[in-house]
Amino acid sequence: MNSTGKDGTPTTDLALEAAERLRGERRGDVPGVTVDELTVEGIAVTRVTVTDQGSQNIGKAPGTYVTVEAPELKQRNPTYSQQVSKVIARELERMLPVPRDAEVLVVGLGNWRAIADSLGPRVASKVYVTRHLGQFLPPDLVAGLRPVSSLSPGVLGITGIETTEVVHGVVEHVKPGALVAVDALAAMDVGRIMTTVQIADSGIHPGSGLGTKRLGLTRQTLGIPVVAVGVPTVVHAVTIAANTIDLLVRTMARQVEYMRFMQPMAAINKRDLIQDVLGDVVGNLVVTPKEIDIEIEEMAKVIAGGLNAALHPGIEETEIMDYIR
Amino acid sequence: MNSTGKDGTPTTDLALEAAERLRGERRGDVPGVTVDELTVEGIAVTRVTVTDQGSQNIGKAPGTYVTVEAPELKQRNPTYSQQVSKVIARELERMLPVPRDAEVLVVGLGNWRAIADSLGPRVASKVYVTRHLGQFLPPDLVAGLRPVSSLSPGVLGITGIETTEVVHGVVEHVKPGALVAVDALAAMDVGRIMTTVQIADSGIHPGSGLGTKRLGLTRQTLGIPVVAVGVPTVVHAVTIAANTIDLLVRTMARQVEYMRFMQPMAAINKRDLIQDVLGDVVGNLVVTPKEIDIEIEEMAKVIAGGLNAALHPGIEETEIMDYIR
Amino acid sequence: MNSTGKDGTPTTDLALEAAERLRGERRGDVPGVTVDELTVEGIAVTRVTVTDQGSQNIGKAPGTYVTVEAPELKQRNPTYSQQVSKVIARELERMLPVPRDAEVLVVGLGNWRAIADSLGPRVASKVYVTRHLGQFLPPDLVAGLRPVSSLSPGVLGITGIETTEVVHGVVEHVKPGALVAVDALAAMDVGRIMTTVQIADSGIHPGSGLGTKRLGLTRQTLGIPVVAVGVPTVVHAVTIAANTIDLLVRTMARQVEYMRFMQPMAAINKRDLIQDVLGDVVGNLVVTPKEIDIEIEEMAKVIAGGLNAALHPGIEETEIMDYIR
Amino acid sequence: MNSTGKDGTPTTDLALEAAERLRGERRGDVPGVTVDELTVEGIAVTRVTVTDQGSQNIGKAPGTYVTVEAPELKQRNPTYSQQVSKVIARELERMLPVPRDAEVLVVGLGNWRAIADSLGPRVASKVYVTRHLGQFLPPDLVAGLRPVSSLSPGVLGITGIETTEVVHGVVEHVKPGALVAVDALAAMDVGRIMTTVQIADSGIHPGSGLGTKRLGLTRQTLGIPVVAVGVPTVVHAVTIAANTIDLLVRTMARQVEYMRFMQPMAAINKRDLIQDVLGDVVGNLVVTPKEIDIEIEEMAKVIAGGLNAALHPGIEETEIMDYIR
């Protein structure tokens, strides 16, 4: 999870939300950012393209961000889940410009000891790993299986080592043809928690850090294509508070006759207000579903199913779930 | 966890918070509710007494509610944690009007599959259980150990059985002299998450239910003393939103010259606003610390340490932690 | 798990193994014990019937014991696993002489903190529980779902309470029409670990106990039909040692010309020998597969799938796995 | 875990057991192998030194192997456990020829999904990691804390990547001054399970592998000192069977008058016998305590306590357990 909410402002890891917010504020298009909506297999998919110029505007790295929206995942219907896995698989295949037999390393980012941050390690542990099988592969699959490895490098607080140091070290030894990094995200809209998947080719860019030089996980730094797959598992509490204030102010502005009434509100220090509501631990508070344990495990299966189908051409779409470990 | 936040209003399971809110609203004492503050072993302890009349006012069952506030638990200092366990032990002993050798059943309420609701089962699994040991007890402890048993009955959604049905069935067979029920709570103030412990003699009163008759776990229904131990592990997201609105409105009221400006605000539908911010899943959203996994496990040890010291007179205060399983 | 291996003799919880051993020793049929072999859906099924007389002979309670042998489960082929679930479902249905809509309580026996003993609790947590759903049931299923509840009572060492006390207490309150008890077993043959399922109508008979009166879980004590479902997860280490000795002695007896050579061997104290090999902790040692964690979780799904299909007529055989939680 | 038992012969990862067996067979000293017994803090410690010549004889890499034997760990007395941690700490300090402030990387070898193989990852997750703290260290400890990082690289079957590839990649990036590798071992004597700790400076030498080139983790390959800490968590089932045969044969040899009677036994094919007892899955079967879950977690704390005290000079021996995460 990249965004922290620590500075008391609402944040989102979804390019789509960032683009929509900016379009709302500007009441119009954002230069360098295009948003295309389409439907794949009956499921809403949005493609946000960010140029270098657009990157300055919305604060996301340049690249393509595909957002799969599947609100019915909440109902835990196995047929629907499999459908979502298929859509993820197709978008992943489109983003992975590597030969059919190129080796792929799946990296599960995040902290397996913090439930909301454990999506990456859960997916990494469920992906069908084949790099070591070689001659021992099932004969009917041998042509249809790509060499896949997986790794959950942990987080700085657990290992004392920057995640990217571990990944760079392993990539230099394993020499995969491409990297897929899976991570838990923070959204702005609570409706997106465990229902939205973002697939992007823009790489992973860790926060600016504490004095240590932080390498990103990008095509530039690693020399191979990097696809990031993320799912919002939380909304920062600060976002809820800020959204509440914004909505209240907008509501009142509509109700009062004269906009001059809003003058005093302009003087309200939103940051102080939120600090008053959320206290000193503001950056550490997240909003999650009560049953996050079950929901995150289900989502990890959907993502792993999508990865398996995308990475191994020999796995039929009807048997996506059979190869989840 | 009893309160649900489902009806879109902020709720608290802490009698102290309910009393303070009501005193704030009324700008004065609440009939039938007394609040005494004291300090035990350097730690702030508050005793709220609720009479039958007071019960009508603050919406909590009549009885005594002791609140132990230990904000420094966040720093995970073993000496301080042990100190908190001691204070909990002393308050528990005061609340348990049973002979030294009476059998005690510890019930861990809540859902072990939902991290924020797993405090009860975690404590139940850590308590030093002795009821079955009989002649096999360590000789130097045999006089100092009370027969203790423990049970985590699960929740309706997991077992299909009302928690209270399981507890009543077991109590009828085991026939303990007293019951201690441990549960995760919801607070209104985020600063209380994992830092506050409530100990009460008022019993457990499940929600009004879905047509099924729901027995409570009380001295009346079970025929034995019932002490409830609870720790806030979440604040409902709806509470955060409501607190934000209240604070904003108060702030503005102080800033604007004329109270008539507040007129339009009176017309704001707070419930609709919150619904707009939190969506349809409002009742299902909770605010927790990001690292809830570690914090809830630590708190379970502190509570289990307090229970062990209170229940077994032979366990010295310096070895409280040695008997946690 | 009932058998303990503590007295230094090989033991089995499988009636089929007990019957086969006895037939081998006697070189002929055992009075009161009949063994019928059949094939259901291509899978070997054996039915052992034990009369009161037979019970004295083989040391198993009177009743019918169905053994499903599925060695290919080790290969983790989803289609085959589903086939085994179906066979289990059919045998369970045959054993459960209750009306289509009678309520069933599934009890997961065993210790969830000891991996080899955790099968029962795992199955209980995966069964599709419906007793509490009532009017909230999916409309297309409402006619096809039986009210099912589940409970994992824990073990004496964890709760301080006899398992059977908890179950009796809950049965008196929930009043189900039948009980299904799931438990991990010990076999004599390592080839049966995680590949064999025993389904019996003879009830659960805990060991003779430590002075406390131990009620069984039987039709006699509970007043409702009791079906026990068990899977061998271990072989006691003492069994391996004893089997090794027996085999060596038989091998040598075949090799030496004169039976008188065997005279000295008769004097060998097998129990002392095993004590020398396995030490004081002999009763505490079990033989398991190295990857027991994965194998027991897979087996729990197969059993839960079988229970779901047997208990809920509305669950089609093709969707058995969709209702596992 | 290095030894596999797959070839049907008993194996041990303990140099002490290998040395004792060889001395027994040869009825005398083994050239190049010296065994010194001493007592540290009341606990038996043995030091086995293996020269290049000795290495050929006992099949262990040259180096020093210290064995700490603490059978009373089974009783779970906190004071005794802390004593064992201290002894481990002192032996570790002696083996780690690095400056007080040199950075140390702790690697938890083994498979966290297979309970008996999960010791390494458990210890790695409990060690007090400080490398990333830098200026944020507690002021009273800053001089007493060494920079420590930790990593659990997983196993080939989970990641598709050789463990040693991951470790080499990370060492090249992190550049620690020394490596401590923690691993679960197999012993020959069941009495050693969870009661013995081996500390060695001979490095980690993975099995000969399946065609892939396997680097070891040694001073030669990594360029830094490597200390291996191991605890037996299993005995291979094949070892139990083989020990039983050996003991029986020896017992009989003592009993029969004439050694010529043993002639026929010489013809017994021990390997076939064991295959008959243990079946095709022989290499996959291990003997463990029934409650391995609890025992391995306790042992992980003892080892982590020892590591913390050895690595951080500022951690007093009385507070060893306070820094376990």
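Chains: A, B, C and D, in written order; residue numbering restarts at 1 for each.
Criterion: a contact is a pair of C-beta atoms (placed from the backbone, for glycine too) under 8 Å apart; a residue touches a chain by one contact, two chains touch by 3 or more.
This one's a predicted model, so the numbers in the text were calculated from it and none came from an experiment.
For subunit C, the chain with the farthest CA centroid is A. Interface comparison, B-C versus C-D: the pair with the greater number of contacting C-beta pairs is C-D. Put simply, the C-alpha centre of subunit A and that of subunit C have 45 angstrom between them. Averaged C-alpha coordinates give centres for subunit B and subunit C that are 40 Å from one another.
Separating the CA-averaged centres of subunit C and subunit D is a span of 35 Å.
Residue numbers of subunit A whose C-beta contacts span two or more other chains: 113. The touching residues of subunit A, counted against subunit B in their complex, run 74, 111, 113-117, 189-191, 234, 237, 240-241, 243-245, 247-249, 251-252, 255-256, 261, 264-265, 267-268, 273-274, 276-281, 284-294. By the touch rule above, subunit C contacts subunit B in their complex via residues 113, 125, 129-134, 147-152, 154, 156-162, 165-166, 168-174, 210-211.
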